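Shared chain: subunit A. Partners: subunit B in the first complex, subunit C in the second.
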Partner chain A sequence: MSRWRYLAQRIAMSVPVVFSVITFLFLVLRLGPLDPIAARLGQNAQGANVQRLREEIGLDDPLWEQFADYLVETVTFSGESWVVRNGTDVSDMLLEVAGPTIWLGVWAIVLPLFIGLPLGFYAGLHPNSASDIMANVTGIIWRSMPNFWLAVLALAFLRSTGNGSGPFGFDWYTFGPTTQSAVGTPNLDFATIGDVFGAPMLTGMDWSAFFVDVKLILPAAIILGSSSMAAELRLGRTAVLENVNSNYVETAKAKGLKGRTIVWKHVFRNALIPLVPIVTNEAFILIGGSVIMEQIFNINGLGRMYFRAIQTADVPLAGSIVFLFTVIIIFLNILQDILYTIIDPRVGYDQ
Partner chain B sequence: MSNTESEQSMTDTAVRTDGGTETKQSLRQRVLSNPEPAAIWLAGLALLVAVELGRFVDWALTIGGGIKFILDGIVATPTWVGSNFEGTLGFVAGAVASDITSLLLLFIVAVFLRAYLPFHPDEKLGLDLSRSRHLWFERGFVTAVLAAVVSVLVFTPIGAALKNEVGFYVGILDSLADTQTLLSRETIPNHGYQTASGSWEGTFLGLSARSAWLVRFTMVWVYAAVVMSWLWRGYNVYREHYRRMDWTPRDDVIDRLRSHNWGRFGLVVVIGFIVLALFAPVIATYPIQENVYEPYSQDSEFKYFNEEAGEVQTALHGDANINSRSQGAGSQNVGINQYDDYGRYAPLGTTTSGEDLMTHIAYGAQTSLSIGLIALFLALGIAMLLSLASAYYGGIIDLMAIIGTDTIISIPIFVLVLMMSVVFQQGDVWIAEPMDGGLLLALIFAFAYMPGMWRSIRGPSLQVAEEEWVDAAKSYGQTPLAIMRKHMAPYVMSYLIIYGSLLVGGMIIVTSALSFLGYGVSEPTPEWGRLIASGRNAVSTQSWHVSTVSGAMIAIVVTGFNALGDGIRDAIDPQAEANAGGSGGGA
Partner chain C sequence: MSRNADGSKPDRTRRRLLAALGGSASVALAGCSAIFGGDDEDGEDGGETPTPSGDGEDGEDGGSSDGEDGEDGGSSDGEDGEDGGDMTHADKAQAAWETVANNPSPKDQDLRNEAYVEIEEAVRDDMVMINFAHDITENFWYPKVDWDRTGALGGSYHQHKTTSVEGSDRLQLVNSTNSSLDPVESDDTASATVIHKCYDKLVHYPQGVPELQNQVLDSFELSDDGLTYTFSLKEGVMFQNGDELTASDVKYTIRRLAEADQSVRAEFVFDAPNGAGIAHETETVTDDEGNESEEVVPDSLAIEIVDDYTLKVTTEVPNPAVMDVLTYQAFGILPEGLIGDIEGYDGEVGVDTLRTQQTFGTGPWQLESWSQNEEMLLSRFDDYYGSTAEQAEIIYRIVEDPEPRWTLILEENLDIFSIPTSFYNRNNYTVNETDDRGRGVGTYYLEQNDVDLGYQRFTSLVTRYFGFNVANTERPVRKAIAYVLGQNEINDQVFEGRKEPAFSFTPPSIWPTGTDGYDQWVSEWPYGTEDEPGASNVQAATQLLEENNIEETEFTVTTYKSPTYQDAAALVRDKLASTSVNFTLEEAAFSDLIQRGYDGDLQMYSLGWAWSWESVAYGHFGFEPKNTDTSGMPEDNNGYYLDWHVNLSENQ
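Presenting the complex of A and B:
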């Protein structure tokens, strides 16, 4: 089977899944016990108002018609918010809040990669040393700590450092760029996009704004990525341990290669293969975790909007966000399988 | 099917199609022929149970109550279905629908009971049926018998008489559960008051409230340790004296687990967590009813020594709680290992609303454990059935199962659980009532985690479905259900155990995360995540204990479950790959 056919097959197989996800959302949100009328008009609303709203939303239409409408609405993201911002297009709202979430996600994937993997490689190259055991044990405990608890503790610590009262005179507010608050939504207006020969290009960078945004997202990103960091640490360690003792390293040594060359050119590259599923699995954790992290760190992102939408029974908005998350996950799963076949040609297309 | 080989080897030996009895001596006979070690062990066990008899009966009653709740729900379905039909199609249709539903339910029971039928009705009647007809005939026969019994119970006074009878025995058990046990608040009271002379009134042996509580706390752990080691001894006695085989593969698994330090650590933590949950009424510093649930009822009155007035006065827990709150900087605080103004000892301090934190932690363990266990067993059961069925039948059922589970898997688990939890809690569904949303959460977890579990055992199930022994069983004409139960389930089970113990940790984290956000388990049922939420603004003040202790408990317990999962995995399958995941602090 060629790679393209495999890709086409994977995409075709995800169509029924997308359909059944929408059906499931329809069942839970529209037919479930949520009462959107009460959410918008209050518990005791009656009479003409209720009737008008029912007609507006289409609650009195035949069920299959409601389902068809819902299907189209969800797939095209063309619904309108009911409660959170009454009458606004869902797609506009999603675009507005997607930025901070992506910003958070990028840092939450990048940071652990650059902290966890090197630590893991180091531990693997020095197995059973004191630092190896340290790294292992911290990794395991770190993995078990609930993110929201870490966030609460971290935030309390950062807030307590105001006016240089932290340990060694550390003050988070003046550390790096000065910020007013330890929490908040990053502006993300550091990059100026200009027209260069008719195409939008990056023309200028406001570095101080960039660092403010990084600083705002840093604690949330580190904590959100913490469990993946532990996984990457463990992975890096086992991967190195497995490869260090393999035959081709022996061969490379016999050839007279330097230790560093062996590590970088051979061990490292092979250790990267099992990293692919870890990084994609991370996206899974990140999306769920972003709901809580954004709530605690006051970041106006997708997760926070989802929480507000579901809380206020804003069915179209909540459904669209879940659908968006789901599409991302399905897409990442396909991407992961494709990446596998590219990185490791031994993996066949058949399974 | 390649059954020529197996047919040959099986023609001359007797074929057992049911569970069957042992061909050699039964365990009972083996015990009777050498009664001493068993008698000694059983006597010890009886002693251990006797000192805590009330508690064991209480647990049994709790489990019985849970089963009754489920049965009541199932029994109510025919009426519910009937009333639904009645609403749209009229009375007769409603009655027919509810009868059909009842028959269906009875039929499901009959399928399971059929194997235990003592005789074959079709043979008695002299009918000559093919194998599959024979099966269906027997199932129908059992259904008919059940229907007859049920209608006799429902439509004649016999049913009411039986109900009375059962009620009578439950009453006896209830009074047994109320008897005093060795480890109880009554035996070792810790809530007294200190008189002006400095001596303690109303506490165990006149010790201080702190020491009295510590004595009780220590006794619980000593008792738990003795019971555990006695159970381990019992297994060894069985292995040494009564087991027919000198060695079984399970011995190796246990040995490997015993030499696995990390797994042993996990086992200790998990057992500690379970003991904390089971003995919560004893470990809690004050009765939860008085301290948390109904602090203003008349029963919640206690005596204390008022230093200003210089005399012994009474107060309600509710009033005292208001003056014992731990709310951080500048205001009151009752920290770890302190007494409040009312002479109440708080081993872990008080919560932000002045209730005892130790009481909350102990009962919070109970909440987490019940949610985890209910969800785990439900998910395990469904995943097991689904995987075996899809592996056995394959084809369209497998495909449907894949699409169905893919649907649930593609939605990020926390987003899914949050959505369902909010939808059902805001909808005021009756199922959200038990445990203040705990039962609902358990059901949601079972639903959300089942697909992942199914995926993890689908491979092994497919593998085992291809094995020759399954072919062989098919060729003898065993029923699919029997094949799955006897020949496939044991093999798949080990994978489920590993996955299950890793899953419980994840469930504990997600439960607390949801409660942190204000959904999940709501007031007044104690829950760790809600404690973290309530103390979050006081973390950097003197009242740091509220959030920190509860969060640390979650971290320790989850580490324990992960470690146990790793340990069991290495013990069952030493060659297993090391990337089975585990439950990260994902939520």
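Presenting the complex of A and C:
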């Protein structure tokens, strides 16, 4: 079976998954106790207005008709929000808040990758040394702390450092670029996109704005990435250990290869294989975790909007966000399978 | 019934009105408190509300009513004499409500106030509803802020014209998320907070203090028949787009509220007394699918423009609440013809501009920028007709979660705020003085920043209660529950002291006979113990049940899904354990609870009521016994789900 055929098969198989996810969401929201009309009209809602609004958003149509509309609107992102920002196009809303979430996600993936992996590899190359034990123990502790708890603690610490009252005179607000608050949404307007020969290109960079945005997202990103950072550390260590003690390393040594070459060219490459699913699985954590992080750090992103949409039974908006999340996860799953074959040619698609 | 005097629209005159508040949830989810309101079942029930049964106990209930008062002993309220021989409590309430409805003129205020107290007495003595908590609002501010305190109607009315912050041009406030600044479309507190600042109305409650003050209105006269209001407007009032305000703008504004499709409060134009009750014509409209509905005829409202600064508004029936209703933010005045969503106008701007991009009112503030769900910036409107605001800008930080709110507070990124309950320490506040409106002012010690914050505490216009369906419950049982309830204990254990124990439906700040009258009312409270009205008195309850030979009785309380109401009900259950009443707790989704209320299928239920304006009537209309008949709900009756009409002598 060729790689392309495999890809097509995987995509076809994902259709029922997407369908059941968005159907389930529809059922939960429409048949559950949440009421978009109540959310929109408030406590003293009265009959005539309730009725008019029900008709306006089509709650009195037959359920299958509502479902059909919902399906089409969801997969084409053409719906209009019912409650959160009633009457606004869902696609506009998603575009508006996607930025901060992507920004958060990128840093939450990059940071653990560049901290967790090197630490793990280092620990694996120096097994049972003091630094290995250090890295391992901190990794385990780090991983056992739940995100939401860590976030609350971190925020309490950061806000207590105002006016240099943190340990050793540390002051988060003046550390690096000065910021007014430890919470908030990054502006993300540091890059100037200009027209170069007819194509939009990056023409300018406002580095101070860039660093402010990084600083705003940093605590949330570190905490969001914390559990995967620890996972990468521990798995990286195991993978390296396993490879270092395997026969081909022995052979390479016998052939007279230099230690550095063995490690960089062979051990690392083989050690990466079990790490691929860890890194792609992170995406799941990021999507779920962004809801909590954005709530605590007051970041106006997809996660917070999703939370509001669910709370207020804003079916079109919640549906579109869930659809987006599902598609991302399925895409990452497929990407993971493809990556396997690239990193390890021994893995193929034949039975 | 004066409200039915108008034969042409029986549906309009009695429209259901319901309200409910979440327990702590409504506080925690500030902007989302709306979740807990509304009615899901409206479309489905199509008028087939079953008639409640339970006639069996009518006889014992009504007949023995007067004799029982005497036995109660503790409740010697001295009004037994007035009641007259065969008058039941329900009769008394019915008569009192009719007094209110038939005497709408301002000079009859005392008469109405007496009637309001009589309604409260009837509710108390027949025990059809046990109120247990009024909400408390607390405000905190850094010492650098100088501002006029908020009144009982809440901070959304506060215009912050005289508020000043030492060393800053900018006032930093917190708000919840909202989606639209179109006055007729925005019913939530977060939107109201901004709309009241950008759109002036005819009249206003300054800082939320329940005392009417003119905004663009210069003066008004009420005709002798109590129907026609002649409004004279101030001259030289400028809109933010540079036009001058005239009478036609006011008419356009009210017409939009009544006729525009997206208006969510059209009944505030039509209904009385929970609305202005302006005369109008209706027509039957058939939509594409053949459904018929009654709609207002475009431009049929009885509003007559006399000249540029004078207009006459005629109400359907005399209505004491007209001026109060006009303070609602949906009456925020727009320039005529701004939006083309009612007949006769093409519109100058699209409705989206009004909703999210620009404000067009005559208020002291105008929208500068709004980054949805992040922050909103208002700037001072320099051509404001009154004295312009002190500060140059207001920034609203839009935050709902307690963690970031608390962070912003400690960082001094908020000037006036409320402290989330999870970070609140009830030992840290001291009240130094209480003003004549019952507002306590003092300090709150903020440990983290080692600073004494300004502090204000007052009872807001929200009441939480347990109602009884009279047809399904026996009076001795209702009274026994009132005895054991113990408002003080509920307040202390369930609400952490952040509520005020309630002894009446009407909150103390708008009690018809003033603060002294309210104190007397509480001291005469017949339930509880002799020294402490808010205490739980199991002994008296047991005795009462025994005297009335109440055998083992199954009794169910239905609360909607809210831990606080459940906890309150559980306290009552524990107290009743030693009596013959087997009290069980039941939870229902909000819309189910409402539907069962309509069906007359409840025994005891929990809900809340919030006042949109300061009027005792906007709360008491739901007690009129005939209006509590659930068989007419939701079409004809909009009272509480009490079925109190069964106790009227005419029904016995």
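In this text, the second predicted complex is superposed on the first by the 346 of 351 C-alpha atoms of A that agree within 3 Å, B and C clash if a C-alpha of one lies under 4 Å from a C-alpha of the other, contacts with A are read in each partner's own complex, and residues count from 1 in each chain.
What we mean here is this: a residue touches a chain if its C-beta (ideal position, glycine included) is under 8 Å from a C-beta of that chain, and two chains touch if they have at least 3 such contacts.
From a predicted model like this one, the values you see are computed outputs, not experimental measurements.
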- Looking at the overlay, what does A:84 touch: subunit B (first), subunit C (second), both, or neither? second
- Task: Pick one for A:34: touches subunit B only (first), subunit C only (second), both, or neither.
- Result: both
- Message: Quick check on the superposed pair: does A:128 touch subunit B, subunit C, both, or neither? Answer first, second, both or neither.
- Response: neither
- Query: First (subunit B), second (subunit C), both or neither: which does A:297 touch?
  - Reply: second
- Query: Between subunit B (first) and subunit C (second), which, if any, makes contact with A:2: first, second, both or neither?
  - Reply: neither
- Contacts of A:245 with subunit B and subunit C, given as first, second, both or neither: neither
- Task: Classify the contacts of A:153 with the two partner chains as first (subunit B alone), second (subunit C alone), both, or neither.
- Result: first
- Item | subunit B and subunit C contact sites that coincide on subunit A, given as residue numbers | 33-35, 152, 155, 159-160, 295, 311
- Item | subunit C - residues contacting subunit A, complex | 15-21, 26, 29, 32-40, 42-43, 177, 179-180, 187-188, 261, 263-267, 355, 371-374, 399, 401, 403-404, 407-408, 410-411, 413, 448, 561, 589-592, 608, 610, 612, 634-635, 638
- Message: Which stretch or stretches of subunit A touch subunit C in the complex?
- Response: 33-35, 37-54, 56, 59-60, 83-88, 96-97, 151-152, 155, 158-160, 162, 173, 180-185, 295-298, 300, 304-305, 308, 311-312
- Item | List of subunit B residues in touch with subunit A within their complex | 403-404, 406-408, 410-416, 418-420, 422-424, 426-429, 505, 509, 512-513, 516-517, 529, 532, 536, 539-540, 547-548, 551, 554-556, 558-559, 562-563, 578-579, 581-587
- Message: Show me the residue ranges of subunit A that touch subunit B in the complex, using the header's touch definition.
- Response: 16-17, 20-21, 24, 28-29, 32-35, 140-150, 152-153, 155-157, 159-160, 226-228, 230-231, 234-235, 238, 274, 277, 281, 284-285, 287-289, 291-292, 295, 306-307, 310-311, 313, 318, 322, 325-326, 329-330, 333
